[in-house]
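Below is a structure I'd like to ask you about.
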Amino acid sequence: MLRVSDLHLQIGDAAILNGVTFSVQRGDTVGIIGPNGSGKTSLFNCLSGFVLPEKGTIHFNDAEITALPPFARAELGIGRVFQSFGIFREMSVLENLMVALEGRTSVWRTLFPWSSSSRAIREEAKDYAAQVGLAQKINHKAGALSGGQMRLLEIIRALAFGAELFLLDEPTAGVSPKMKEEVALLISRVQSLGKTTLIIEHDINFVQSFSKRVIVLDQGRIILEGTPEEMRRNDLLQEIYFGRNMSQAVM
Amino acid sequence: MNYLVHLAILVGIYLILAQSFNVTVGLGKLFNLAHVAGYAIGAYVTALGSLELGMNTVQCMISSGLVSALSAFLLGGIALRLAGDYFAIGTLAFSSIVSALLVNWKSVTRGVLGIPGIPRPEFGTLQLNDESSFLGLVVAVVAVSLGVLYLLFESSFARVLRAQAENRFAAMALGRDVRLINTTAFFVSAFFAGIAGSLFAYYLNYIDPSSFAFSEMVFLLTIVVVGSPGSFWGCIASTVFLVLLPEPLRFIEIPSSILGPMRQLLHSVVLLTVVWLNRKRLFPSQREV
Amino acid sequence: MGSIPQLLVNALTTGSIYALVAVGFSLTYGVLKILNFAHGHLMMSGAYLFYLFSVNCELSLPLAALCTTVGALILALLTLFVFVAPFQRYSTVLPLVTTLALATILESFVSMSFGVNVKALDSGSAMQSFEIGSVYITPLQIAIISSAVVILAACAYLLHSTSFGRRVRAMAELEVGAQALSINVRNTTVVVFSLSVVLSVYAGIMVGYETNLQPTMGHGYTIKALAAMILGGLGNLWGTIIGCYILGMVENLGVGLDLGEYSLPAGYKDAFAFVVILLVLLVRPQGLVSWRRRTA
């Protein structure tokens, strides 16, 4: 479904990605881990189209999308959940969902608030809000929600938009431990709907509960690939995360 | 009585002008400093259209809107590629070019002398010769324009515009062509600015560049900021309030050379106060990915 | 119209005045990261202060200059602490709005106090031009050009050879980094901003002698400084100064050259700055769009 080959990205003088190659099958869930600055978010930005790679190609459903603008990729079904929250804080919960749903209908059909399409979209948005327990808060500003609720809203918004591939950038960042479970539940629901998911996550345990496959990124390269179990036991990974400096000192 | 009619007409023209400005600056948070240029273009198209080309009132008003909108479309093509400060600079440069043309393109605009003798609007046999019948036209145009803009403010288009104002990356990730949306907002906004300009030219029967000075831009900004950017009803209330605010000054014995600057001073002090009170909420910075 | 050497002398004079205005504009952008839309208006107000002291109060030249400097400093501090600092940390757009408000306040205030008509500072014998070859030049023009050179050289020395200059450049580069090095951002900002206002007021006084003063002149000079800065790069001081002289050339040659039917009327002189801005933005937006940010 997604095929990335030899992706190079340079920002200023810094090489961010140095030849990233991997592919993902439909329905798969792949975890992406790696230390800070290893290029995880930049990889997502490349996939979303916010930055253009210097070299390499991205194929989505057998079509090359390397040079497509971000909105066109989204229309093809690439959804994104941002690390720093991509919800519109100044807008209500309902409006956030409506923006997503209206992306699929023409502007003209939703121009009048009393048209049947507009009303249908409003009902659908309410329905989605209810699915993540925000039925009571549809008219609250999204910025007033808790971190966990914002995350739930953002994921369900991508689902409402009709994304096929979910790019989740640290979905548990800024989420209380209690709400983490709810987020995990929602992600597994996304999975069960047959969607493809890429998750950037620091918490290997969290990743393990969804994915059979993990990619480890370091300094813009994929250095390891395998099951979460293998990763856990891998010395190299331990070294990257916990003690590169220490091991160097030993050497 | 005439004075009240005059005020009502003035308020009507500013209602259209400010509400259309609210589309770009309020909903889209696009710091567009070229709105008065659209207003000026509308006024001059009506003046020249009726005097030189013999167009009738309906033709003049429509073409005022369209020419203004097209110029904004061109400007949008350049300026909307730019971010932040560059966007403000680009729109400022555009509005300055329009002012320079009004003053210097003497063979067409007669420069600072202005264009006198713009005929009163007429529809077939119906001639709007006196002030109160002109007020009727203004009320009708304002009702239609604000009606259309109200629908726009409640529509999905406004939602996307507000969404991209806050986080354009998230808007793009929801499949929205942000540049197209912003260009459309520019187009619509300038169209109504042109209509307002047309009404203005018909009302005064005489236009010159001084009516479209940069201080007018600051006044519009004041209206939108005071009414809370993006709020339809807030903008209407603040238009009425701010257009009428300096009027009591007329009844005090002040020389007219001081009256104009004093009005500007009053508006900018109001602007500054409101910005200070709302500094945390107004124009929040864009989020980066 | 004039001969080419004559036009070049005029261009140098105009460019020097623009450079004196734009130095402060560019430094302010570098340090504060805001476009000060009231910059030209501060210049205009300062020049009117000088008019007040030297013509209305009939003070001697040095005394008037001293009083004007004090006035300009007060104006600079007021601007910084009332119109810029309280808003800057909330949004990048707010200072644009508040400096616009300040611009209108200054313009209307000066119009109310001095009237909207032009005022001229009398330079007496300094306006009597003499002839070198085929070129007419006034002592005032020589004074403007040479003082600009001296002032720009002094700025170069200040910025590139003193610890203060290194601090300013560090702040322009990265404010957080500069703070980490315990640079007193606030003090540096105050000094830089005061310097910008004083320099532009000096330029305003020169304009008053060379041509005349008008309450509405401020906006035009802000745009000239903007155009020069767009040419030279936002926050790039030396690029901006080169941009000023280029703009001076373009304006004077553009309306001065006799192209027969295609000669531009002199009124278009000011429009070049706007066209320059739009053209540069049209041709080179790639360096200006902020998407290619470093992201972790």
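Per-chain residue numbering starts at 1, and chain names A, B and C are given in the order in which the chains are listed.
One rule holds for everything that comes next: contacts are C-beta pairs under 8 Å (C-beta built on N, C-alpha and C of every residue); 3 or more make two chains touch, one makes a residue touch a chain.
Since this is a predicted model, take the numbers as computed values, not measurements.
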Count of steps on the shortest touching-chain route from subunit B to subunit C?
-> 1
Name the most central chain, where centre means the mean of Cα atoms.
-> B
If every chain is reduced to the average of its C-alpha atoms, which one ends up farthest from subunit B?
-> A
Length of the line joining the C-alpha centres of subunit B and subunit C, rounded to whole Å = 30
Note: subunit B sits from subunit A at a C-alpha centroid distance in Å of 41
Whole-Å separation of chain centres (CA-atom averages), subunit A against subunit C | 48
Residues of subunit B that touch two or more other chains sit at 284, 288-289
So which bits of subunit A are touching at least two other chains?
-> 41, 45, 50
Indicate the residues of subunit C shared as contacts by at least two other chains.
-> 291, 293, 295
Residues of subunit B that touch subunit C when the two form their complex = 29, 31, 78-79, 81-86, 88-90, 92-94, 96-97, 100-101, 103-104, 106, 111, 213-215, 217-218, 221-222, 225, 257-258, 260-262, 264-265, 267-269, 271-272, 275-276, 279-280, 282-285, 288-289
Please give the residue numbers of subunit B that touch subunit A in the complex, ascending.
-> 151-152, 154-157, 159-160, 162-163, 166-167, 169-178, 284, 287-289
The answer for subunit C against subunit B in the complex is residues 35, 83, 86-87, 90-94, 96-98, 100-105, 107-109, 111-112, 115-116, 215-216, 219, 223, 226-227, 230, 234, 265, 267-268, 270-271, 273-275, 277-278, 281-282, 285, 288-291, 293, 295
Touch list for subunit A against partner subunit B, complex | 41, 45, 48-50, 69-72, 74-75, 78-80, 82, 84, 86-91, 95, 98-100, 102-105, 107, 110-113, 118, 121, 157-158, 161
